[in-house]
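Both complexes below contain chain A, partnered by chain B and then by chain C.
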Partner chain A sequence: MLDKQKILKFLGYKLVRFAILLVVVILLSFILIDMSPINPVNAYISNMVASPEKIAQLEAYWGVNQPITEKLLNWLGNIIVGDFGTSLIYRTPVLHVIGEKFTASLILMLTSWVISGVLGFALGVLAGFKRDTWVDKAVKVYCYILQSAPTFWIALLVVMVFSVYLGLFPVSGGVPIGALSQDVSFWDWLRHLILPAFTLSILGVASIALYTRDKLIEVMSTDYFLFAKARGEDGWTLIKRHGIRNILLPAITLQFLSFSELFGGTVLVEQVFMYPGIGQAAVSAGLRSDVPLLLGIVIFSAIFVYCGNLIADILYNFVDPRIREGEENG
Partner chain B sequence: MSDLINVSNISISFTQYVQGLNQRELKVITDLTLDINEGEIVAVLGSSGSGKSLLAHAILGILPHNANLSGNMVYKGDVLTEELKKELRGKEIALIPQSVNFLDPLMKVSDQVIGECADEAEEKEKRAKQRAIFEKYGLSEEVDDMYPFQLSGGMARRVLVSTALLSNPKLVIADEPTPGLDEKSVEETLNHLRQMAADNVGVLLITHDIDAALKVANRIAIFYSGYVIEVANASDFSGEGENLLHPYTKSLYKALPHNGFELTKGHQPLHGEIPVGCPYYERCPHKLENCDKERPFLFPIDENKRVRCFKYEG
Partner chain C sequence: MDESVGKVNKFDVLGNMNLRTKTLLAIGLSAFILILVVVISFFIDPKSITTNWTMMNQPPSLEHIFGTDWLGRDMFIRTLKGLGLSVQIGFFASILSSIIAVALAFLSSFNKHLDSFVSWLIDVFLSIPHILLIILISIALGGGAFGVLIGVAFTHWTSLARVLRAEIKRIKTSEFVTISEKLGQSKFWIARKQILPLVITQVIVGTILIFPHAIMHEASVTFLGFGLSPHEPAIGIILSESMKYLATGNWWLALFPGLALLILVLLFDIAGENIKKMLDPASAND
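Here is the complex of A and B:
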């Protein structure tokens, strides 16, 4: 049984760190945006013609000329009560936009996260097991190519091959263009999801596969692996009983830690596929000076990445018997 | 007593890259000849880090894949091929490793001792047997569910010994089982080995602990710079050492605290420093004419004893 007090202490500590992280992220991004030439008034009127009086009125309304401390306190006061403001480009509350976009992205990220994790782990084990054979070399070459190629370029190649030449999948978008939302079937939606998810998956495979391979080779040269061999265990049994057991936890941890890369990859892939997710919303918000949305996305993506790291930490601290039972005894 | 295993002219070397693509052969064990009878304890005595463990790995067929092995091994009259080793290891030939690091840190002790089971019946049988052996070595039922890091040093030692016994081996290779243990645990470990020999198991004890070797072994093979320079009866290490043959063995015996603490100048030649002739040439007090030109073979003196020295040739 795990010690309740220990868990509470752990979570409390993590909570404090999380609060500090959020404060720093908020302050930094707020200061950066304030220093940048982004002007919400310009974003609001965009291409419309407005008289100087009108602009002055809008500036007063948004408090453009207030000192930064006042602006910050205002905004902080609002987000504490859950008001992230209204998105300037979508003209709806920021939370609403983020909720919708995040759901779309989450499905995309989750599928590719699971697929890349499982596939990468399997490939890594295979390569490590068959070290120095052509299987290993093939896996390595594949991983190095993917590791070194830019994400958007791979995404473009995937579009060219599967959408343009083979015509199997739609080129872009989250749903068919021009269709009403009630007419969009599950199949339509799935068809649009497959290519971006596929691209993200094959990209995510590289790091986890290389890591798993190295870890397995490391485990294969340990004393306990040698002794297991001396006890007559062999081949796949040996890998399964002593190899995978010892690399699974670090591999899963790594996969959770890769949330940030996953998020970064999603931004680029969504951009190429015009997939209406959080990545695309972030890019539009940045390009079109949608300050409330941009800040909102920054906060939520920080939370998202933090969650990944937190899960990795929990796995490390509570699943490994050496740490779990060791502290219980000590 | 009949021969259990005969190891003749074993050499183990590694191919090493030096400066770019230049390869060189790094010989760790050269021309090793040894035999072990049923119920006999033979110790291989050599300094730490001299590659003695590789002999154990060679017999078990678990050398690293960049190692080259040459020579012959015969087990119970059959040539010990890699396939046969694979079949025998963990069954008739068992290893007692050095330390708790040889246990999988993430697997419960009993699970790894019994190994992979094909079905539940087999598992039940093996578990019962494991329990019985653990019981015999004073390991309580709690130990079954412990992870290696939870074992104390003495417990770990007993677990490792029990692991070897689970399969009723005919040959047990104990690789440095004593270093780092207090006197009582050393004695306990040595008793386990004696017990095995009493059950007609052949024991190969690889060690750098001369005291331990002298206490339990019937015969002792002295390892010098990768060569076995003498195989002597344990009883020869007595009196003034007059029954010992090789000058190195003699000086080793005289260097023991209770035999005068006499030191011989020089050091064992390292890999790559070994001269063309006898590896002990530099330090030998009885150099003969051809000692630096030709390397002596391991001459048999009688059924049990051998020595690698021209003085005893013919």
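Here is the complex of A and C:
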């Protein structure tokens, strides 16, 4: 009862903060684009024939020849009513493009997020439990190297090994080029998903595994762990009862906080595998001066990252029984 | 207890050195290699990277240890030149980054409103994925190496600013600061004379540890096609060109430049961690 009220209050507070943050992100990205040499109207009409009415409409949308404050307010107003403009590359409303591309990327990100989380946690527990043995050293070396490796280079190596040498997977593309989306079978689509998801998964393992290892070692040096050992518990039971229960929640929280890095990795991996997701759309929008699409993607990526942080906050504040009770007492 | 340590060390190549010597050795070696790379890349004449049609697509050999590309250019020289460029951009970006971090951390220590402003600013910069923000900033500045440099600098200050902010908060509760305040010293004086000397090691270590991230982000953004122009021998550009030749089996075009970048980043990490051990001995036992 009291808890529910507290959660609502917490969520309300977070919502207000989120609204402010979103407005600032919108303003910041707009100012940055406005600083650039790109002129959104010229970029739009440069490679197509546009009628004078269309140009006038575009100039009204972007507020050409108006002071920046007016331009900003104008654009902000459009965003709030859900008018993100028309994408220059795809010739459809930006929201439509983002909806389609983000879904494709979300599947990729979610898959690799789950795999890297489970695998990283397992490796971390193993390394922490077998501390200072060769298992621990192997996991540590693997993680350190992957943390220093450029994402796109690992992706290139994966393409080289699995597509070019072994010929197991297509070299690129989310779906066969030229095929209609309804003709693509589930298997085809899955074949194109496996390699990018695999690359993102093996890269995402590093931070979570190192964190889990350190946390487990910390738990293993506590008095209650020592006491459990003295009582005769050992091996897997000991780790399961006293180790994993204590480190699972912080590890999940960390994994939710990694949404920003996950997004960055996806941008690079999609570029190498030519997976038609939000990252590829962002890169081509940036390279070909598709201002409305780029701004839209920045806004939606900020929403995506915020969702991850919010879930981590909720987990941290309301799911952990120790913090929950500590707050009630204090 | 001591005996067991001795036994373990027998199998270690560096066993007869103590931790301090080992740490110094690690710093010295990695710094030496890094400086060597930069110096060599400075002395490479751009004219030596010329097209040579008789040497097209050669796999690695003794003469060209990284092989040659489709224009017959030696990949080893191109890679070295690219690494030098990466280190330069990384150097300026991380210094600029830590200047921003220090300035904001001190700003946050002045009063409560500035403090919440700074922590809010950190939140804003963390809310957009780094790579998108770098793309935005480099577009805003019209691309080029300068755009990438500023983009990387403005996205990497957050972690150091957070650490410094917490550290300064802790120092401000200590007695000597309270006494100085009572004696009427100005906030600026306290910041300069009493706080800065205590956090300077963290600033140095933080700057060095920003380096690998900066280099990696620079390479990523260049790989995506933002920033440096295609004729410049940056690692990102070399790798994005190599993508076109992967299907024909020219594996050396992608493998060696990427590996060189990985080793460079690892060296910076090793140097940073070891300098941290030297400057902050309490962390050496972790």
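As a convention for this text, the second predicted complex is superposed on the first by the 302 of 330 C-alpha atoms of A that agree within 3 Å, B and C clash if a C-alpha of one lies under 4 Å from a C-alpha of the other, contacts with A are read in each partner's own complex, and residues count from 1 in each chain.
Please note the rule applied: a contact is a pair of C-beta atoms (placed from the backbone, for glycine too) under 8 Å apart; a residue touches a chain by one contact, two chains touch by 3 or more.
Just so we're clear, the structure is a prediction, and the values are computed from it rather than from any experiment.
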Legend entry - chain B versus chain C, judged by how many residues of chain A each one touches: C
Inset, instruction - Would you sort A:Leu15 into first (chain B), second (chain C), both or neither based on which partner it touches? - result: neither
Inset, instruction - Using the touch definition from the top, say if A:Leu226 reaches chain B (first), chain C (second), both or neither. - result: first
Inset, instruction - Tell me which partner A:Phe152 touches in the superposition: chain B (first), chain C (second), both or neither. - result: second
Inset, instruction - Give one of first, second, both or neither to describe whether A:Val23 is in contact with chain B, with chain C, with both, or with none. - result: neither
Inset, instruction - Mind working out whether A:Leu73 is in touch with chain B, chain C, both or neither, as first, second, both or neither? - result: neither
Legend entry - Shared contact residues on chain A - chain B and chain C: none
Legend entry - Interface residues, chain C side, partner chain A - complex: 123-124, 126-132, 135-137, 139-142, 212, 216, 219-220, 223-226, 239, 242-243, 246-247, 249, 251, 254-255, 258, 261-262, 265-266, 269
Legend entry - Residues of chain A touching chain C in the complex: 21, 24-25, 28-29, 32-33, 35-38, 144-145, 147-153, 156-157, 159-160, 164, 171, 260-261, 263-264, 267-268, 271-272, 282-283, 286-287, 294, 297-298, 301-302, 305-306, 309
Legend entry - chain A to chain B touching residues, read off their complex: 221-234, 237, 241-242, 245-246, 249, 320-322, 325-326, 329
Legend entry - Residue ranges of chain B in contact with chain A within the complex: 57, 60, 62, 64, 86, 89-91, 94-95, 97-99, 101-107, 112, 115-116, 147, 149-150, 163, 167
